[in-house]
Every structure is written in structure tokens, then in C-alpha cells.
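The following pair of complexes shares a single chain, subunit A, combined with subunit B in the former and subunit C in the latter.
And now, the complex of A and B:
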């Protein structure tokens, strides 16, 4: 029973991180129609930036600022990517859109390697500093709870922005029909830029939040990208609700898989994805998509 | 002008190209033999890849998986199980790649465009992760060294006999080109092009779209497997990065470099790509950065590839002067 609680809590922790990454990816897709393959690289870059910042501020209370700063920097990089590159190819065949973001992913991850080196950066001090709490008789790190709480806050904020503000209404209108929104006087290109900022900042914050618990290292870009793909394929591409349910599902499967069958944990995740694809090709909450 | 359907000069160019390929070992440089063996292997891979990209209009980010499966199957059979006859080993490797291509293709072919690309990427990373998880079997990040094979009593080794291995690759390359040409120009190939141009219309005139996409996927997986199977003995080594999605990006780039709407585009793209890659790696350390930048530039400025751009320019010039 005690172990069970631990697995479930671990599952929620994985799910929190997954939700932050995949909601950014799915947000950009639903509004701009672009699958940003550089999303994982942005996540990794966010992790590195946060790691370096935390390391230099570790003995001051300002260390906590590393998280919003990393998110902000990655968000700005998202704007640069959108304004500098993606802007030119919205109307082009999807092959070129994917090709472009794929190229950007390679460039960004190599720049990360060149800038920060190949050695992982550990900042576990913050993780240890947060302490341990007793949950039903078993100790559990407080940091994981903080991450879950932050995720809930961010998720709530996203819901508020999307459904309770004028900006959110405009974003949703653009996602629904770009031409029509333009016709009624919405500056859609600015909306797209804003969306890239938000989506990239989500990648940045999730990378930053992972750092104290594990490390900033090379290769986490591909893992993050693939896992968030799996999440949004299960949940339905373009659906934030789907990203939420998908993250919970994959997070829990991973937590139990790692603990009980570490060898085939990954295979289980893929099997679940394959099963969802066979039974419901558009994902649990995906809209019916058009051919081609 | 030769691109505009003048069959005679088209044939002349083909024959010149073929003569050059046959003459390369005469230059007497074993490095060139190695380089061009590699180029031909990439060409086979790109040809297979183009069944999907150019002829069916499906973008895969996961064809490193079938290439890697081919390479790993050869490596395992030869080194772990000491099963060395060349042709059977090659055959088994192609079968393994085709088998996995059939399973994954079945799941992916039900999806269109972007979703298809996502799924292929995800599945290739599955193999990447598995090579590390099953390290006691696959050698993990060390990969597997490939010992020499045996071709009807003659030792097949790219190091000891680079010329022999080059000609062996050339034969497989020619077989792939001829069979690829046949497939593309068969009724099945034309049906694929119909699916590419308009899946709804294709469905309406009675083409089983999903099934044909699946077949195209299987065929291209088989070609990729063959390329991988030839690659492992050439390099003497199979390693997990073959499954990584940045490696799949290489075949995509080679194909687009040459132009995916022309049958020989991927071949020329692959040859240029291999030569360029070997020189770039020799001079700078930042291969992914260079590859990524080239992909970005191609996506933004050269959507038709090298051959495609020449073709477009020639066409434009031709229409100006009646």
C-alpha cells in the first residue's frame, strides 16, 4: 500500500512534466497548424539555462527566479523562431514545415552541446533543500509536490487565459478558422507569434522544473519530444484536455512500469499508443481530421 | 534540355553515369572505393525512402529504424551467431526490416501527413531506446563489431578488398534501381502517385488507399533494410545512432537535395550528400549543426531540390523562348 502511494505520486510527477511539455506542443499545433519538432530542443535548452542560473544563484533566495527566467528566454527564442523562420512557410506543403522545424531542432540541440559541453549539469542542492515529507508512513520529496502545484497553477492559468479573457477568445478563433479571423480584423500573425511564445515558454519551464530532480543533459530533447508526441497522439492532436489525460495515463504507466517491469516499461507505453491508434485513430479527444 | 523528355540524351547521361560508377575503382584509391560504396548504399536507402516521400507523398522521420534493423541483423548474425554466408545473411536482414516495416507501417499508414510523420519518428526512437535497454544483447552504446562475411567461399571484407565490396554494392544498387524503376512505372506505382496527388479522388476511383500506402511503406522498409545490411559490413560496425531520428533526417535531406519528384533525384542527392558529409566531418566538428542549417536552407529556399530546381529553371527558360 505504501509503495502504491509512492508509485501514484511518482506518476503524478511525471504527468505534470509531460503535461507542461505536451500542452505547449499541442497549443502551437492547434493554433498555427505547425508541429514544432524543435520543441524538445527548446525543453533541453530551458533545462540548461535553468541549471546554469540555479548554480550561480544557489546560495541566494533568487535561485527560484531561475525558473521564470528560463521560461522567458525560451519563450523569446520561440518568438525568434516563429518570426525568423516559420512565418515564411505557413502556406507551404507540410513536408517543408516539418523539414524546417526538424532542421531547427538539430541546430538548437547542437548549439546547446557546443555552449554547455557534453557533461551533465547537476543542481540537486535545491531538490535536497526542499526537504522530505511523510506521506502515509513513507518519505516523499517535497520538490515533487512543488512541481505538481506549479503545474496545476500553470494549467489553471492557461485555462483562464484561453476561456476567460479576450486574448484567449481571439486565439481560439484563430485556431478555428484563420481566414475568417483575419476577415473580422484580427491580426493573426501577431496571434501566431504569441502562441509560439506561450508554447515555447511551456517547454522552457518544464525543462527548468526537471533540472533539480534529475539533471540538464544531452539527449533529453529527443526523449521529451517523443514522449510528448505519444501523449498528444493518445490524447488527440491539438487538444489541451487530451494532453492532460494523455499525460496522466503515460505518467502513471511509466511510474508503475519503471518500478515493476523496468525492462519493458517503454514497450508498454508504445503498446498503449498502438492500442489507442487501432481503436481510435484520432486519439481520445481529437477532432476528426481532414484527409491530407 | 535532356530533362524535358528527350529520351536519347537521357539515355546517354544514364550510360555516362553508369560508366563513371564502374570506373571508380580504376582510380586506385581505396578511400574513394569506400566513399562511393557508402554513396551507393545511401542511394539505395534514398530510393526506397522516395517511394514514400516522392511517390506516395508521405514524410517519414523514422527510416533510420529499418536501416538500423538491417545493419543490426547482419551484425548479430555474423558476430553473435557466427552465421556468415553473405546472401542468406543479407536476405534475413531484409526480411527482418520488412517484417517490422509491415507492423509499424500498418499502424502508421492509417494516418495522414503530419500524424504519419510523428508516428514514424516515435517508432524509430523506440528502437533507439531498446538498443540501450537490451544492452546485453545489442551491445548498448558500444554497438556491435561486424566480422567478415563469406561469399561462396570468398571472404567478404570491405577493409581487405574494398574494390570487391564496391562492385558487390554496385550490383545491389543496379538491382535496386531497376526494380525501383519497374515498381514506379507499374500500375501500382501510378496508383501511389494518384494517392499522392489527391487521396480523395484516388479513393473514389477505387484505389485501396490505406492498403497501397501500407504496401509502399513495406517496400521502402525493405530497401532501407537492404541498405543497412550492406552498410554494416562496409563500416564493420553497427551502432545505436542508426536508429536515432537525426540519422533518419539524413536520408530525408539526401532525397530532398536531389529532388523527390524525379526518379534519379534521390540517387544524385545521396551521392552528393555522402561526399559532402565526409568532407564536412573531416573539417568541422559540428555535423548536426551543419546538417540542420542545410535542412533549414533547403526548406526555405530550395523546395524542389537540386535536380528539381534545375528542372524548374530550364522549364521557365524554355517557356520564355518559344
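And now, the complex of A and C:
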């Protein structure tokens, strides 16, 4: 029983991080139609920025500000990327988008290395000082609950923005039909910029949230990108609800996979993806979509 | 070697020539003795450096004239090879991009520091050392490409390599073909000298290889917790992680015949979350959990282990721990059994001044690198450049000139090198360097601002290294344990 609860909690925790990373990726795709391969690099950069900020503010209550600041900076970098590079290739073939965003990913990870050095940046205090509580007689870190709560809040906020505000309506309209939206007077290019800001900020905040319980280090970008791809392929590319369900599915399957079939920990996630694709090629909540 | 004539050959020739000449001269004189008047003329014509013609003419007044001409080919005195005036070009291939960079970047820093120091003192026999650094990014094809370029285009005199296991195994055969003295610092696949390059000539390796790490660590585990029977692992899911665990358990089985493996968890490299793995291992209630992880992965896993009460519920050991626990700062749990190839506090500074000076210099120059203190790749960088220097100087003392690569190799075999981590030597048979492995328990130190190993002790090479030519597995299984 104790073990079961632990595995479910571990699954939820992993799902939270996966959801934060993949929701940004899927949001950008659903609105702007761009598969942003630089998403993982933005996540890594967010982790580094947060790590440096937390490290320098660790003995003050302002350390908590590291998270929104990292998200904001990465959001702004997202705007620069969209305005500087991506805006020129919306009408181009899909391959150009992949080449461009992949190139950006390489450049960003090199910038990270040059700026922050090759050594991982560790921040341990925050994770430990958040406390440890007792769940059914075995200890569990409070920080994991904080991450789950923050994810829940952010997910709720996204739902609210998308479905309850005018801005959300406009974004959804652009996602559905760009030409029609332009025809009725929506400034679509501004909407795209806003989307890139939001998507990138999500990458930034997820990187920042991961730092206290792991480390900012080189190489975490590729994993993050691949895992969030799996999530959005399962959930349906472009669907935030899909990203949510996909993350939960992967998080839980992974936790139980580690417990029951440790030898195929990595494979099991791909097996699930393959199964979903066989039964429902567009993903669980995916729409039919065109590739520009 | 073709043109060169050794000292011994030369002496033989010279002595031979003199004896022949002398005998003839004396004999001639004796034959001609009857007459009182006696002229003996000896001419010696040196036609070429190698041919000496001696003509001895002994004449007496009334009698006959005896003329003896001998032409002896003697080996002329070889002029010692002059010490070239141009600097020594040392090629360096290492990993400076990608996640592996954290391991190799401090090593390169230490190499540059030592080269600078040696150059300031006049270099090796007056020749300055010039480094040509290449970044392989950890990719074998890139590594080989750089190697070939260093040999052909840069004409590097020697090459030293900090690489992954795959790179080292791909490189060794090419290095043997190129006939360039190649010192592999890191690239510690057990099979390098067991299978890939079993009779190395031009290739040497410095760091303790994987089997030595695992065997010494397993011995340390048994020494620390002799009653432990139930073991579990959280290991990185790639060749290295599985290999280490395989060796550790083989040794433990030998030492604790009724041991059992109660749980295994294999997270991928660079995983960010170990919660589920820790939960799984804890559920099996092991006595000892081994963490076969390295770098940020190990720090992350230990950190998350604190949150899960891992360190309260069982003993924890890590085969690479000594190298990385500083990353946890003062939050590091105490009592983790950590091993490493070199530890900055061993041998203790007050007993081994090389270690003290090396650490103080490194700390002064790179306060932010690797927690401010050198890691095992820094020690191996020091060892590489100083072993080379010692070998060249030793060969020079014998030959009197700038030694050839083969002479340096001969000088390097069985060479004892004082390094920050104590004395280490290159074993002649397989060119593997042997030295202490270090183990100890973590203890938070206010002075350093992170956990250090205290107490710390060394596992001597005789206890962990199979004899040359023997594979680790046969060797471990041949142990006789009372």
C-alpha cells in the first residue's frame, strides 16, 4: 500500500514536469503551426538562469522570485526568436522550419555552455528546506507537492486564458483559421508573438522548477524535447488537453514500469506511444491537421 | 633505429680495431727485430666515418719490409642526437562540448597549469611544450579524425587523450599504427588492454580502469559493512553502469557468498527524476544501495534520496562518489561510502607536498572549477605531462641525446611517477598505470563548505588489479577466501 501510494505520487510528480514542458511545445504548434525544436534548449537555459538566480539569492526570501524571472527571460527570448527568425518562414515548407528551429537549438545550447560553463550548477538547499513529510509512515519531499501544485495552477491558468478570456478566443481563432482571422481584423502576427512568449515561458518555468530537485546541466535539453514529443504525440499534436492526459499516462506508466519492468524502463514509454499511434494515429485528442 | 649505432657496438668496433692494429704492430716489430735499426710507420686513414684503414709498415735496415694493411670497418662514434630547438608539440584530444565536458574541462585546466609551470622552469631539456588542443565532443569518429590530423598535419610529437571508453577503444589501434606515443588519461574501458590492444607499444593509460574502480569499491563496501547481505543498485542505463554493477556483484559474491541482489533500477543517463527508482529500491529493503551514477546524475539522485529518507533507511555507497559529492554542498548526507580514483585530500597534504602544492595552485587559479579542487582527471593530466618529462629525461641520461619515441617508451615502462595522488607506475606488460584507489565516508566540512571524505583510506593496486594478461573475472574467481 505504501509502495503503491509512492509510485502514484512519483508518477504524478513526473507527469507535472512533463506537462509543463510539453504544453508549451504543443501550444506553439497549435497556434503558429511550428514544431519548435529549440524548446528543449529553452528549457535548459531556463534551468540555468533559475539556478544562478537561486544560488545568488539563496539566503533571502527573494530566492522564490527566480522562478518567475526565469520564465519571463525565456519568454522574452521566445519573442526574439519569433520576431527575428521564425516570422520569415511561416509560409515556407515544413523542412525549413525544422532546420531553422534545430539550428536555433544548437546555438542556444552553445550559448548556455559558453555563458554558464560546462559544470552543472547545483542548488540543494531549496529542495531540502522545503521539508519532508510523512506519508503512510515513509518520508516524502514537500517540494514535489509544490511542483504538482504549481503545475496545477499553471494548467488552470492556461485553461482560463484560452477559454474564458477574449485573448484566448482570439488565439483559438488564429489556430483554427489564420486567413479568416486576418480577414476579420485580427493582428495575427501579434498573436503568434504572444503565443511564442507563452510557450517559451512555459519551457522556462519548467526548467526552473526542475532545478531545485535536480541540477542545471548540459544534456538535459535533448531528453526534455524527446519526452515532450512522446507526450504530445500520444495526446494529439496541438491539443493542450492531450498534453495533460499524455503526461499523466506517461508519468504513471513510467513509475510502474520502473517498479515492475526495470529492464525496459525506456522502451515501455515508446511501446505505449506505438500502441496509441497504431490505434489512433492522430493521438488521443488530436484533430486532423495540415502541415503548412 | 636503422642509422643509429649504439654505444656498445661502437666500443666493440673500436676496441676490435685497436687490438688488431696493435697485434699487427707488435708482431711486425718482433719479426723485424733482428736488425737494430727499425722503423715502424703506422698510418691510419679514415676514409669514411665507418671505415678505418690502418697500414702498418715495419722496416729494418737490412732485412725485408713487412707491410700489413688492415681495413676495419668500425662503428664510428654516433653523435648524440641534438636536442631540437623547436618546442615539443603535444597534441591534446579531449571533450569540451556536450555533457561530458564537465569531466574533462578541469583536466585540461590542470594540464595547461602544469605545462605553464614546466615551461617557466625551462621546459623539458630546454624545449618548451606547446599544446595543440582538439575537442572530440565525445564522438569516436571525431576523435580519430583529430588524431590523424595531429599526426599528419600538426606533426605532434606526442598525443594525450581524455576520452570516452568508446573513443579510446577506437583510437588505440590507430595510435599503434601511427607509432606516436599516445598517453590515454581517461577512456577506461576494461577491454582496452584486455582485448582491443592486449600488447600495447605506443599506447599508455593513466587512470584506473573500470574494473579496478569496481573491484576496489566492492572491497571497500565489504570492509565498511561486512554483515551486509542484501544489495540494490540505482545505475545509469548504459554499458558503464551495467559493467560496474556486474563487477561489484561478482566481487561481493566472492566475499559474501550468501549475498543477494534485491532490487535494480536503471534510469537513463542525464535523467532529472529518480523518485520512482528510489521508491522501488526502498521497497525491497536492502542493506546497501549502490549508486552507479556520475556527475549531475549522482548529485541529483542523492538529493532526491534525502527527500525519500534513503539515507535513514539503508547504507548507501557510490563507486564514483568521491569525485562529485562536493556538488551537494553542506546538505550532503553523512556516511555515504564513496570511492574515487584520486581524492584531493589523499595523501594528506602535510605528508605529501606535491598534493598540497597542486591543490593550492589549482584552487588559486580556478576557484570555480569542480568545487575549486582538482578531480581525478586533473591528477591524470598532471601525471601525463610529468611522466613524459621524466621518461624523456631518463632516456636522455642514458643516450646523451634527444631520445627517440622508442627510447622514451622504454624509459616509460615501469617508470615510477610522483603524482599528487601518490606514487604511480606504468606496468611494463600492458602499459596500464597503477596507483591507489581511494574510499571514504562523507562528512560535512565547514572549512570546505561541502562534504569531504573523512575518514579516507586507500586501496593499494595489488588488492584490486589483476596481474598482467589476466582478465578481471578469471582473477576474481580465482581468489581463495578463507
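Points worth noting:
The working rule: the second predicted complex is superposed on the first by the 285 of 292 C-alpha atoms of A that agree within 3 Å, B and C clash if a C-alpha of one lies under 4 Å from a C-alpha of the other, contacts with A are read in each partner's own complex, and residues count from 1 in each chain.
FYI, a residue touches a chain if its C-beta (ideal position, glycine included) is under 8 Å from a C-beta of that chain, and two chains touch if they have at least 3 such contacts.
Small disclaimer: the values here were computed from a predicted structure and weren't measured.
With subunit A as the common reference for superposition, the partners subunit B and subunit C occupy clashing space. By the touch criterion defined above, A:132 lies against subunit C but remains apart from subunit B after alignment on the C-alpha atoms of chain A.
Once chain A of one complex is fitted onto chain A of the other, the partner contacts of A:220 are limited to subunit C, with no touch recorded for subunit B. Within the superposed three-chain model, A:270 lies in touch with subunit B and out of touch with subunit C [touch as defined at top].
Looking at the shared chain after the overlay, A:177 reaches neither subunit B nor subunit C.
Note on the chain A alignment: of 37-45, 235-243 or 307-315, the part of subunit C that runs into subunit B is 235-243. Common to the subunit B and subunit C interfaces on subunit A are residues 110, 113, 223, 263, 266.
Residue ranges of subunit B in contact with subunit A, taken from their complex: 53, 59, 61, 107, 110-115, 117-119, 121-123, 125-126, 128-130, 133-134, 198-200, 244-246, 249, 252, 256, 286, 288-289, 291-296, 298-300, 303. On subunit A, the positions that touch subunit C within their shared complex are 3, 6-7, 9-11, 13-14, 17, 110, 113, 117-120, 122, 124-125, 127-128, 132, 138-141, 143-144, 210, 213-215, 217-220, 223-224, 254-255, 258-259, 262-263, 265-266. Subunit A contributes residues 35, 37, 85, 88-89, 92-100, 102-111, 113-114, 222-223, 225-226, 229-230, 233, 237, 263, 266-267, 270, 273-274, 277-278, 281, 289, 291-292 to its touches with subunit B in the complex. Contact residues of subunit C toward subunit A in the complex are 96-99, 101-102, 105, 237, 264-273, 275-277, 279-280, 282-283, 295-296, 299-300, 303-304, 306-309, 312, 327-329, 331, 368-370.
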